[in-house]
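One chain, chain A, appears in both complexes that follow, with chain B as partner in the first and chain C in the second.
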Partner chain A sequence: MSNLNHEVIGGALVLKPSRRIDSSSAKAFEDDANALLDAGPKLVVVDAADLDYISSAGLRVILTTAKKAKAGGGGLTIACAKANVKEVLAVSGFDNIFGLHDSVDVAIAALARK
Partner chain B sequence: MTLGPDGSGGGETALAARVAALEEELAQARAELEDVNLLYQATIEHGEAVEDQLAEMNVALQRTQDRLQEELSEAANYIFSILPEPRKETPRTEWLLVPSTELGGDSFGYHEIDDDHIAFYLLDVCGHGVGAALLSVTAINVLRSAALPRTDFREPGAVLSALNDAFPMEKQHNMYFTIWYGVYRRSNCELRYASAGHPPSVLRRMDGRVETLSTPGIAIGMMEGMMYRTAHCIIGAGDRLHLVSDGTFEVETAPGEMLEFQTFVDKMSQSEPGEVLSWVRGLNGPGALPDDFSLLAIDF
Partner chain C sequence: MVSQLDMSLANDVQEVGRVIDALEAFGEENGIAPEEALRFGLALDELITNIISHGLAGRGEATISLLIEHDKGVLRAELHDDGLPFDPLTADIEHPDGDIDDRKIGGLGVTIVRKIMDRLDYRREDGFNRLKMEMKLKAA
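Presenting the complex of A and B:
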């Protein structure tokens, strides 16, 4: 059973991690995301609206999830990141690679176009 | 002999038989006691043997642990041995590297590429421990010995692109690293630089203004075929450049509250490396820092 908040919207898997993805929560995120990806759509939106902090361990699991989505013929993008999370995504270059969107709907549309 | 009805004569016989039976029982009990004694003795001896064995194993375990500890220290010594001495001539350098555990993934270096160009770089392999340290040392040695095919080491973007081709995470036990790489050209005072998923370097100008230097790009090895861009700026005499890793400022100032990068930049641009370390340690509270602390300061 997945503890990761998620729903399927418009053919995309929307993952909504809460509070923090750091070294203590990254593994759980990865396992849950993997299981959801195996069972559901391969287009993934990480809805970061509730995310206060992401560490380098968190970035790693976003990357592994993105790679898995891509291997399944889909992709991953990010939506609704708060300012400090945006800063980490910018430093890591994730904003350019995966895209940052202001809403989940825009993110889903962007994934569908790819 | 038969027993008479009055029991005479026969009584003695019965008693003798009873005594014989008791004697036999006693002998048997003695034999059993003897067996139990032997068993007890054997158990004690076995117990002593087990104790001896345990003691021996403890000694062996301690020896193994000492040896591992020694080898880890040896590895840590090696990593420190490849870090360059502080430069006494301009550009002068001063640095601090404090691994979070015995072996960390941070390392850095600088060297003269030719008479006009000098390279400065700091990298951070994801994770800690022996694996991260091995990749860290390998990457530093590749940079130091200019061991990448058809790469102009004066061109930071090209160096990072070549590193990315050389170290895909799938072939490096799923490890990758962030890096900041800059080249200073003496003849025109130009600093060319590129970064890959790494915190910006902080340039404190002679007059106190502060600039952050970075280029967009993800960590080396994360994805194939990435091209990294070079940016540049002009350096003035008296400017100071700081290269750091994310562990240098990623500490909690209160539960769930991370130190803001801008706050760190403000502090660092007004402090010596040692003061920055004490300040970060103070914010973190007792115990080891959660990640490697590395700071390389360069004075032009």
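Presenting the complex of A and C:
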């Protein structure tokens, strides 16, 4: 059973991790995201509204999730990132790779256009 | 007033969660903004994860100790470990580029540490890595 908050909106899988994705919780996120991706849509939005913190171990699992989504013909993007999370995404260049959006709706529309 | 948080860590990546929990509580007690405590915690997370994943890889028992101090608008930490020598000040880091298919994460942790910390001081001494670091807090 997945502990990762998620829902399917407009044909996209919206993942809503809470608090932190650090090296002690990254594996659980990866396992949950993989299972949800196997069973659901391949368009993925990471809704970061409740996420206070992400480390490079967290970025690694976002990247593996994105690769899996892409291999399934979909893609991944990020919405509603807070300042701390944005900083890490910017340092890594992930903001450019995945795109940052101000709302889940805008993120879903951006994925659908690709 | 100077307040301190002293922790001894096991050689297990799950310890990172405990460090950040403790740092959040420490920040709250000391009136530090949660985002700033977490930012400092992120740098410590990256360093401790490096030590456990690389410096101590394949080892069981090991010594990792962490001392955190808050004093006059500055957060300081001292991190000691008896793993392989690793100096995050001089470590080579890959530049982040490439698209999703060939992107690697290696080295990113060190980049994050250098960005967050205002001072870093590394010494290898008596078989230990001894890293001192400092982050200035933004005026409340």
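In the analysis below, the second predicted complex is superposed on the first by the 114 of 114 C-alpha atoms of A that agree within 3 Å, B and C clash if a C-alpha of one lies under 4 Å from a C-alpha of the other, contacts with A are read in each partner's own complex, and residues count from 1 in each chain.
Following the convention adopted for this analysis, a residue touches a chain if its C-beta (ideal position, glycine included) is under 8 Å from a C-beta of that chain, and two chains touch if they have at least 3 such contacts.
Bear in mind that the values here come from a model prediction, so they are computed numbers and not experimental data.
Once the complexes are laid over each other on chain A, chain B and chain C cannot both fit and instead clash.
Legend: residue contacts after superposition of the two complexes on their common chain; A:46 is shown touching neither chain B nor chain C.
Look at A:25: by the touch rule set out above, it reaches chain C but stays clear of chain B. Legend: residue contacts after superposition of the two complexes on their common chain; A:60 is shown touching both chain B and chain C.
When the shared chain is aligned, no partner comes close enough to touch A:36: not chain B, not chain C. Taking chain B and chain C in turn and counting the residues of chain A each one touches, the greater count comes from C. In the superposition on chain A, A:93 makes contact with both chain B and chain C.
Of the two partner chains placed by superposition, chain B and chain C are both touched by A:84. After superposing the two complexes on chain A, the stretch of chain B that clashes with chain C is 96-104, out of 96-104, 132-140, 150-158 or 204-212. Touched by chain B in one complex and by chain C in the other are residues 20, 52-53, 55-56, 60, 63, 84, 87, 91-93, 97 of chain A.
On chain C, the positions that touch chain A within their shared complex are 13-18, 20, 34-35, 38-39, 41-42, 45-46, 49, 53, 96-97, 99-101, 103, 105, 108-109, 111-112, 115.
Chain contact summary for the complex, chain A toward chain C: residues 20, 22-25, 52-53, 55-57, 59-60, 63, 66-67, 70, 82-84, 87-88, 91-93, 97.
On the chain B side of its complex with chain A, the touching residues are 126, 178, 196-200, 214, 216-219, 222-223, 246, 250, 256, 258, 260-261.
Interface residues of chain A facing chain B in the complex, by the touch rule stated above, are 19-20, 52-53, 55-56, 60, 63, 84, 87, 90-97.
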